[in-house]
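Pasting the structures here.
Shared chain: subunit A. Partners: subunit B in the first complex, subunit C in the second.
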Partner chain A sequence: MPKNSKSFHAIGTDSPRKGGKAKVTGKAVYAPDVSLPGMWHGKVLRSPHPNATVVDIDTSEAEAMGAICITPDDVPDVKYNERTISVPDAIYRDNRVLTDRPRQVGEGIAAVAAETEEKAERALKAIDVTYEEHEPVIDPEFAVSDDAPAIHESIVRDGEVEPIENNIAVERDISVGDVEQGFAESDHVFEHSFETGRTYHAQLENKTTVCRPEPDGGITVWPTTQTVHNVRQLLGEIFDINLSKVNVKRLELGGSFGSSIQTNSVTPITVALAMAADKPVKIVSSREEDMYDHCRYPSKLDVKIGANDDGTLNAVEMDVLADVGSHNIQAFPYLGVVAGFTASLYDFEHLEFRGRAVYTNKAPACAMQGFGNPQATFAVECMIDAIAEELGIDQLELIRKNYVGEGDTFWGQGPTIKSVVKSCGVEELLDQGAEAIGWDERTPPGEKDGRYRRGIGMARGFHTSGTGGPTPGEAIDYSSALVKINEDGSVDVVSALQDHGGGTRSAGARIVAEALDVPIENVELSPTDSRNTAYDVATHATRGVYAGGAAMKKAAESVREQLLENASRLLEVPPDAISLEADTDEGIGRVFVEGVPDKELTVGEVAKRAELNNWGTMAAVESNRQVACPPAYAAQFVEVEVDMETGEIDILRTAIGNDSGTIVNPKLAAGQQHGGFYRGAGYALVEDTQYDENGAIDGNGLLTDYRMLTTMDLPSNDETETFFVETEEPSGPFGAKGLGEACINPTAAAVANAVYNATGVRFTDIPMTPEKIIGDLRAEYTDRVTGKPMVPAEDDD
Partner chain B sequence: MSSEKITHGDDGGNERTIELTINDETHQVRVKPNELLLNVIRDKLDLTGPKYACGTGECRACSILVDGEPELSCLRLAVTADGSEITTVEGLSDGRDLHEIQQSYLSEGGSQCGFCTPGFVIMTKDLLDNNPDPTEEEIRDHLKGNICRCTGYNNIVEAVKVAADRSPENGESE
Partner chain C sequence: MEYKLASNTTTRVISQEFDYSVPASLEEALELRDEHGDDVRPLAGGTDLLIQLKADVRTESHLMYVNGLDELDDVSETEEGLEIGATVTYDDLMNSSLVDQHVPILAEAASDAGGVQVEKMGTIGGNLCNGSPAASTAPPLLILGAEVVLESVDGERIVPIEEFFTGPKRTVLEPNELLTSVRVPTPASDRWAHEEIKRVTEDLAKVIVSVSLECDDGTVTDCGIGLGCVAPTPIRATEAEAAIRGEPATEETFARAGEIASDEISPISDSRSTAEYRRLITETKVRDLLVDAHETNV
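Moving on to the complex of A and B:
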């Protein structure tokens, strides 16, 4: 039974995160901090060519130096896909531990291990590789042309070899109703094309793995990962080791943002090296290697929306071309969610989606915070602003008229995972955000002049809470947890659930404290690995608290029954007559019979007496799948100032609102809002990786070549307002929904709409770097002296 | 002072012994001329607080104080630090008692994944040692070279403000 929020003692209070002390003292252990006795160091020989075939590898000199070397011939001949969250039919296998057919600069060809990093480095340089180079395919439009060379001849899906044609990794068409009829019935049809950047995750921890071969033929692995269980499964499959002998340790994770949803490429390489050397081996990626390892799916989106004069949105048509790079990690689900999130933004009666994902000779794209949602929401929410202006309807009005809300169907993860919305705070998000930014005082672009122009914009969005649903879909989604009460009344939570820094595990501890009615200080999270926990799919899709926390709650509720049962034997009353209460002042859980003063114990006393009576440990392990995927709604409002002469965009103010159901830890939740907004603003304004014609990332492969916003580029704390509209989600643990990814999805459109409001120019290609936008801005900029445009407009957007 | 003795390691590098006082403990360490201070601190002295995130001076995750001044340990050769006094994030707390800067990063949510935190804590120490009551502008300016990918910086700025308020003398230094 859901508790009334007013009676929460652990949820909704601010106390420091579990494990936080280790972080602020430098004692927290991340994969790069793991060091084992007798450990060797590994290095990977990576292709300097974007598209080539390895003709010969000579490792004799490196071996003569005492290094252990492995080449494509020394690794299992298994074709795999590094992300194993989908059902087999939706998994496209095109990768291998090491390859003799590199398809991007930076792909692993061979690897060495030696006692020191320096020795390994020198051995690596002594390896001689002969390549036959092929023409690189950099541009996705060229990739699908008949002139483009084939990047992959074929892939494997569900045991079958499938040919690849025109470098198209996946095509996915999804339709609802009849879009042509929808357009025919509309008073207006609006069309725009959008383009989104190749964002790099830039998580601060470079991908790392340590592997120790065990005497029994097993392996112990310490990787950078969002999911110890999926790493375990994949390594078991590649190296043909029973899962019971593959142990993957869960460590602190130095940020991820989706980059470690798949088993990282260094992980199987490290395992292969460690097995060949028969010693523990560690590989730490350099920043340059990491930049060639992953990025967000860059996409071109052509959107058509049919609307009536009264603002009713009838139909949407979307054509997407996504550039997946060298390997297809999850393009099939990616296209599915771009369609699904579009369908869930507004109540379109007709939808037609055509998606193509194409291979190119670049770093492989993978999930990045929002997965498909930042792309879809950027396009659709910019269109909504444009449509509102054309129709002469306030943007908030247009949203209110059409959004998918309570009682509507929400597509949580593409067309196969849907559920009905049961909690929705959209109206309040719009009201509070509008109030905070001063929406009513907003003036149209036509009224701005001068060099520095200010504008206000907003966008709405959401993210799914997990990928569960009433029926199984194409993604696997469940979590597990063990909860046990120790003999002094303290509680251990044993779960593989990963925390990227958002406070997911801390939130889980609060949920357990609440479910057991013990103070949060008495609940701790055990160190875990894949051998001592039951399955948890991954921390992704904003499912950590909603789904991971729900599994912990379920286990805690079973333990609560046992606690009541044992207390009933001790107090000699039926279990139903017993109450539990957290005494946060005393730091104990009380077990008592209301109105009967001598019938009272502490949780610790019950646990101790249960032990002395040999009744066993109060403990339960549960797996749980959530049967819904509720939307966690978001709205963001921003004010910008644009320098019409330089193209510089300054964000002056923002109001960031979220409906995430019950808020478990307010301060950490606000941190999610800040972080999402920061990365979203970077996505809108500066972040991108560009490739030259030789398949190399522009610049020197350094972090400074990848522009990110700094402390100086963001509004001050006083100008950053965050707020929550607390709804109660019936399917969530104590009413909670997801949060993290919802905080980035509307940002780019909110910023772009504010830039439009400031300048009257609508930019549809992000990031909106000064170099990209200056031409159009200057064309718009009326010279104050002559009253004429400084530069005549070249093309109309 | 350290006794200097040149030996030839099996890599042919000229190893020598240097003396480093880290977090008030003095160590004699054998290092090669090309060894980075960050690696010596992490691998030979087992202090893994300072982090490698770029190795090229672009993120400040490897920040330490050398003789009271902030330095990027990923860019400094260990031999050049011979005889120095070094403070890492580990050196700020007193046993289990957190320094007020660490306390504030914890209470204000200034540390999410925590990978950048050792560098931020050190740079905050540097700021408050020199400017006990900084404005938000000064805080943001001082930390502009530190990358945090998680927080959006708001709660970091808040943590610095709270640390300044919590400081016993509002600017207590050792």
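Moving on to the complex of A and C:
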């Protein structure tokens, strides 16, 4: 395995992150911090019904209070999809700024703006809406039945109106080889069904937008977003404004977990309200509104795998039913990647995938940390553990025999995006993780007894670094950056690349410093917006460093040539004879001719002399599409303790390993490992939004009842071993691949496999709450006092 | 009003208009209470009340801040035990040497209630007057045989905590009264245990179990089993207590207590757990905690 031998001065060092000081001193500006002179406050009237038609809206009382009100009649009659980063054919349009046909509790019907939040709140209460209620469709299995009412009659795709039948938003079937033949040739066929939860993103920042109408008919917008350019494009389309007059400001982002890849629903509402009020208007979603805004795609997965006695995996068949909620944000790509992630985990010769995504009257599902990968990996990696046990082969050996690795074809991002794997650290991940957790001392479930049972489990996975590929594919994927050298030798990086808090932009600065051979302290990231930057698709899909960083590197390399060019004129030697070196002690970039002591300048001197000579600024803008989306591999090992009487699962220890190529920000990278594991463990154990029959989130939709794990529930840092296997990815900037989402994908399966190893019971429905698992656990357990099996009592109410 | 509307939220401004009084003394507070009755709502830490106002599940036209009243914020020693003022916070309970000395189970219960913010703001009086079946301090106070002091301009009345709760969010507090203190006798035995079973560490409980135990020569001479979140009010499992008094202090006896306790409760299913699970866990945890209490070195 190629190890990274290059020595860097900026990459992989632990200098403080860019913008860190502003954050810890509270000076960083997030969308909720934005406040403009003369700004009014907006509130959204949201449907209390999951499925209804608005018969009448009376805003007269609210208007008499001095509020500006907008209703569905006051917004452009444009059908759109808030996520715009696919080709037109893959974008299903079924949404509107405000609707008179609410399809979920919490859908926006009307909005008000007033001078203060209190006034806006009171005006909102004064609006009188008459609804005609329809039967809600909550269960996805019911949704596809002939008895279910239609949630959407039709949608628009690539300019054409398409009917919707049986509430099926999308069907996607993908086939490779001949799966029946694959099963026929297998010694064994294994089958399991899995179910995954409707996780809420629970990002720190509640979705917010501020909009100021401009005198020229344009708008300036400060939104919560992962992509300023797509917000700009969508707003331009909905409100029919030239993009040159739509300015979307990039702000700090308080986390997202994928919830702001699309333009948030409050953003067009704020724009419509600001235009109606002819004033700056701000809307900050409350936490509870946010909980009705988005969630992860909950899915049922029926999986069949054919294997031989020697452990060769031949064929996989997967049936997926995904519940998309009230709007189809990206079910088509979702189904594609579930198939792609499955196909790219193991080298199956035959694959048959059938996916259906159905509408229900619930919050719309969208991408969330791992996008389809946590679901697919949970199902496949639990099956790998089960198959290994049945075949009597060690799980790690079964993985080694079948994983998709170096030289194999990989299509993680779906069938239209294929590439060949060029860097792979799977073997080392397995070896080091096994060593850290004590894999060899693991005993089978049959040897455990007593009330508290410990078990060790593991799972492997990966995430793609972005969605790029050698051919265009169905998702848009490129980034742009401007790099320029200032007259004192410091460097500005001007890019729309967004940072969720993980340090993506800071990593970009390191890449530019490395490419120009100047100290990291001399590189800064400019404040940017959609008007002063070229397009960047979004920080999503684990592409920030790999793809966003690559565009910055390309621009920096172009500037480096200009620097060598100018230096060559000043030092009077050919550009090839000039060396660049970062002097981190002096804080300067050196420009010199090796072995000729008097031929030496600093980058600042070159820049100043270029200015004085009127040679122009050393600057370059580049757009870049990555020609691959290489797998960033991961392996996680955990030890759990299960209380057989209460069903409580305690994670005692974990070893978290990743192959992300070159590690750019070591401390922040370890933070991603901890963070991914923590959300993954929550996915496995507690996080879920359940809906009652009236279409409301259980527990009244308050955050009090959306429980997440905290550090108090997880192993301490001493019991959490994180490690990296640093391969070198030839297509990545300085060998880097992605990281973020790879850290959550294997977690649920690792935990479930550990629970199996502890108890002998395989749980396939997550989250594995004590309430769900206690019956099966107690069936395996004999009361220590009475000697009786502890079978749960029938409930009497 | 109900929570169902998505914009009924706890993370926004309170849009209701209300009057706000800050009485300078208990006397003044009681006079306000006498004059306005239920139209003036006492505000202590606000960790229950303000949330209800933000979510519009309750409308109030007049709030009266009681946290500044000197008469209510003290923990003092009495002949029988302790007198704990109504505005004593969880944080105070956790840090009071008197509480630690007389009724350490109350400090333990206080440390289970909410996170740091709630510990600093939430009061024992607010906890009891809010009348939730999930009140953290109620099960220990029940088994300690505590009493609450309810005062009005007409004088005070002493009510055993067992009679204080009448239903979910309902208590015997009259519109002209304030809860001024809680009287807690020092228990005869140091054998006790307390546990809140939660979805995650930082959470409201699914079930709260508090137990106390007195043993003589291997026999249970007295015991208390206080339970939260398993009935319309916090309760004592009196049948289970009665069934094991005079029985040998063995795991079998404690297991029987668990079984009986799980039969005498009436749990419901809600967002935190199911009725079925609450029964199972009550059975297990009553036994576990009695075993723990018995094994305590005294």
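In this section, the second predicted complex is superposed on the first by the 779 of 797 C-alpha atoms of A that agree within 3 Å, B and C clash if a C-alpha of one lies under 4 Å from a C-alpha of the other, contacts with A are read in each partner's own complex, and residues count from 1 in each chain.
We adopt the following convention: a residue touches a chain if its C-beta (ideal position, glycine included) is under 8 Å from a C-beta of that chain, and two chains touch if they have at least 3 such contacts.
Nothing here was measured: the structure is a model prediction, and the numbers come from that model.
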| item | value |
| --- | --- |
| Subunit B versus subunit C as contact partner of A:E317, first or second or both or neither | neither |
| Partner chain(s) touched by A:P48 [first = subunit B, second = subunit C, both, neither] | second |
| Partner chain(s) touched by A:A670 [first = subunit B, second = subunit C, both, neither] | first |
| First (subunit B), second (subunit C), both or neither touched by A:G106 | second |
| First, second, both or neither for A:S286, with subunit B first and subunit C second | both |
| Touching partner for A:E121 - first (subunit B), second (subunit C), both, neither | second |
| Touching partner for A:T25 - first (subunit B), second (subunit C), both, neither | first |
| Subunit B versus subunit C as contact partner of A:D536, first or second or both or neither | neither |
| First (subunit B), second (subunit C), both or neither touched by A:M708 | both |
| Subunit B and subunit C contact sites that coincide on subunit A, given as residue numbers | 118, 206, 286-287, 702-704, 708, 710, 712 |
| Subunit B residues within the subunit A interface of the complex | 11, 13, 32, 34, 42-43, 46-56, 58-59, 61, 88-90, 92-93, 98, 102-103, 105-109, 111-118, 121, 136-137, 139-141, 143-158 |
| Of all residues in subunit C, those that touch subunit A in their complex | 3-13, 15, 55, 197, 199-204, 251-252, 255, 262, 266, 268, 270-277, 279-281, 284-285, 287 |
| Sites on subunit A touched by subunit C in the complex | 43-48, 105-106, 117-118, 121-122, 124-125, 206, 286-289, 292, 645-646, 686, 690, 694, 696, 698-705, 707-710, 712-713, 769-771, 774, 778, 783, 785-786, 792-793, 795, 797 |
| Complex interface listing, subunit A residues touching subunit B | 16-17, 20-30, 32-33, 35, 116, 118-119, 201-206, 252-257, 284, 286-287, 500-503, 667-668, 670-671, 674-679, 702-704, 708, 710-712, 714, 716-718, 720 |
